[in-house]
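Note that the chains take the letters A, B, C and D in the order they are written out, and that residue 1 is the start of every chain.
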Amino acid sequence: MQRFPEYLLAGYRSFMGGRYTAERDRYRELAANGQQPRTLLVACCDSRAAPEIIFNSSPGELFVVRNVANMIPPYEPDGQYHATSAAVEYAIQVLKVENVVIMGHGRCGGIQAALSPSSTPLSDGDFIGKWMKLLKPAAEQIQTSSLLTAGERQTALERVSIRNSVSNLRSFPFVKAREVEDGLRIHGAWFDISTGELWIMDDETGDFVRPTL
Amino acid sequence: MQRFPEYLLAGYRSFMGGRYTAERDRYRELAANGQQPRTLLVACCDSRAAPEIIFNSSPGELFVVRNVANMIPPYEPDGQYHATSAAVEYAIQVLKVENVVIMGHGRCGGIQAALSPSSTPLSDGDFIGKWMKLLKPAAEQIQTSSLLTAGERQTALERVSIRNSVSNLRSFPFVKAREVEDGLRIHGAWFDISTGELWIMDDETGDFVRPTL
Amino acid sequence: MQRFPEYLLAGYRSFMGGRYTAERDRYRELAANGQQPRTLLVACCDSRAAPEIIFNSSPGELFVVRNVANMIPPYEPDGQYHATSAAVEYAIQVLKVENVVIMGHGRCGGIQAALSPSSTPLSDGDFIGKWMKLLKPAAEQIQTSSLLTAGERQTALERVSIRNSVSNLRSFPFVKAREVEDGLRIHGAWFDISTGELWIMDDETGDFVRPTL
Amino acid sequence: MQRFPEYLLAGYRSFMGGRYTAERDRYRELAANGQQPRTLLVACCDSRAAPEIIFNSSPGELFVVRNVANMIPPYEPDGQYHATSAAVEYAIQVLKVENVVIMGHGRCGGIQAALSPSSTPLSDGDFIGKWMKLLKPAAEQIQTSSLLTAGERQTALERVSIRNSVSNLRSFPFVKAREVEDGLRIHGAWFDISTGELWIMDDETGDFVRPTL
């Protein structure tokens, strides 16, 4: 039997000796009674932007979807399987979360790929190429902004993408219904890996601003 | 502007005052030089099984996909977008991770849904119904195991599903190629929310065993 | 004789009783020996972004030009009078400053006017309309970025304008000469009125980043 | 990336730890609601005569134009761009300031240049030479006052220049209109760098006198 990566086992030992020991009752209760997270958090796969670390979350608090570039596709009831839409449906309809947070971040490799599509796909399946096509119209518009630096275009698309996902999320009839009738709240957020800054989307203007802490 | 959830802001304040302050240099370096995670970790959205907590991970260590029931679909180069396959492609082809870990967990709501499909879909789109169809043949077989308790059937399908995903992952030609030529290692793992136990899949037998710690 | 504004006299009394008293020797020495500021700072007229306050400057430190939107026009040796170019010439050729800082700021009314030119000029002279035409090509390009919010377009043009001014500044032969031969350094900066944040322009990429403090 | 001048960063740190912290609410309110300065202040670029320091001003109080020798050119609706006239127009027509203060100061390098024009221009563009031509008739007359000392000629021209600017300011039709119809008040002032004395122009006689404090 091949050996499980040693650094992960070392981390797991720390967890068991530390956090699990400290929160054993909480884990047991969460196992017995089931999860009741108040928030669905859609984040990127990026190794530098884990939501539970950024929000110092306890077990049971965040129901977390992570895909490349933290995107929610539009509502497509087409009979195909959709990983992200399935998670949204489960969070909204079964878990009855109160909040959805779509959290992007700086220096996102997926956004970079959308702005500079490689001439040759990463594999014959071209999965990244197709996934990032969800952002193609936005990426093409932003690429024409020649007065912006490459870094500014990247940040711009990261934020446009969050607004896109918020808009796509509202295209799901059951999301819209819970927002209108049941007080479901939808938030955008953007994390700066370098400075640790969290920027929150103003739901009226779409601007990202620093929250009062 | 609506207020961002207060408990998330409180958690973020803790992060900034604690972990970010302690790891500022690491965050800055990761921002400047980019991420180089050694592991792609595929986990469930469940709020009780966050990989960075279970493995006590530092920023930059784990590239994390999270979908309902931590599944990898089969290789389908069909021109549709596939969130999970895109993340796999990016991790393997761009980040060149050394390990893939597919981590399931006990009391998984998605697995439960696969074993007891609701007669009425959760929404008109029936996204969970379709997503869990990836497990339908396995779920149907296990449902006939009348000698197993409901709990045993659930655990059984959780583990069958991990083996399924490992097998699906190897259907991606570029994954197979890196496994054969480049030492990429693929692991299964299963986390018990109640006891905190981590079980590792024996890659020869497919059994789940407790690792030597 | 009309009365000088009372609140300005009150402020002046505070100055005389406080800062002037504390720095009397410095004022006398600066009067006797002349000024030797190390920095030319080009800032906006805006009442919320005074450079001496933001940099907590002592008398004698900053030679300050302030015009609407902190712009440096291109080099135009056309025999007309040019307030800003005259100040640049004086700072570079007479005072031999070591640094030039062009500091913009958020929520700039001049930039706003460039992005939303009023249909009727503010006066028959249309001085603001003409002054902001220095930014017209940039403003027109940014106005087409329909995916950006109004706030994001404003911030983008504020920063593009700083890069424009840096570029215009280098079109002055005597500036370029001192930069090449004499180590003159040119910096861009952007001040956020709301948060007090100072962002510094990376002279290689043109991006604005938070300085390490 | 080149390093921003260290002494400016040190000053900025003092600002953030001191004045910004103390006036955070004011900055935020000024950012949210916009500036409403009551006074347009036209001052010199000189590093020893910063208006916000001399009047101990709070953010939001003074809309400040600074050019060499604090001059307002005559009204010239000629289709060229005019930095100073644009700022005047914005302050009067958009901000609706109640006061204009034109503040000169002693030992002004620009005035000195007007009295002793260099035989060779400071650069091929001769920007200072042209800018100071706005004062040429006055400078030539004062140069013939052979009974005055050099120091007295300098102070004389500094004050003549302020009266010139007041007169030029009234040549703007929209300024004159607001002065006549709306109570706009126009003031001259002169600051002695050495003693810290502020002298106020008597609007009836044009004399400069010490205000009652």
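As a working rule, a residue touches a chain if its C-beta (ideal position, glycine included) is under 8 Å from a C-beta of that chain, and two chains touch if they have at least 3 such contacts.
These are the chains along with the protein names UniProt gives them: A, B, C, D = Carbonic anhydrase.
Source: prediction; values computed, not measured.
Rotation relating chain A (Carbonic anhydrase) to chain D (Carbonic anhydrase), from a C-alpha superposition: 35°, rounded in steps of 5.
Taking each chain's centre as the mean of its CA atoms, D is the chain most distant from chain B (Carbonic anhydrase). Note on chain placement: the centre of chain A (Carbonic anhydrase) and the centre of chain D (Carbonic anhydrase) lie 52 Å apart, centres being C-alpha means.
Inter-chain spacing, taken between the CA centroids of chain A (Carbonic anhydrase) and chain B (Carbonic anhydrase), is 15 Å.
The centroid of the Cα atoms in chain A (Carbonic anhydrase) and the matching centroid in chain C (Carbonic anhydrase) are 39 Å apart. In chain D (Carbonic anhydrase), there is no position where the chain touches two or more neighbouring chains simultaneously. In terms of inter-chain touching, the protein chains here are arranged end to end in an open line.
In summary, the structure contains touching chain pairs A-B, A-C, C-D. In the complex of the two chains, the chain A (Carbonic anhydrase) residues touching chain B (Carbonic anhydrase) come out as 1-2, 4-5, 7-9, 11-16, 18-20, 24, 27-28, 30-32, 34-35, 37-39, 45-50, 52-57, 59-68, 71, 73, 75-77, 79-91, 93-94, 98-99, 101, 106-107, 109-110, 113, 122-128, 130-134, 172-174, 185, 187, 189, 192-196, 198, 200, 202-205, 209, 211, 213.
In the complex of the two chains, the chain C (Carbonic anhydrase) residues touching chain A (Carbonic anhydrase) come out as 138, 141-142, 144-152, 156, 159-160, 163, 195, 205-207, 210.
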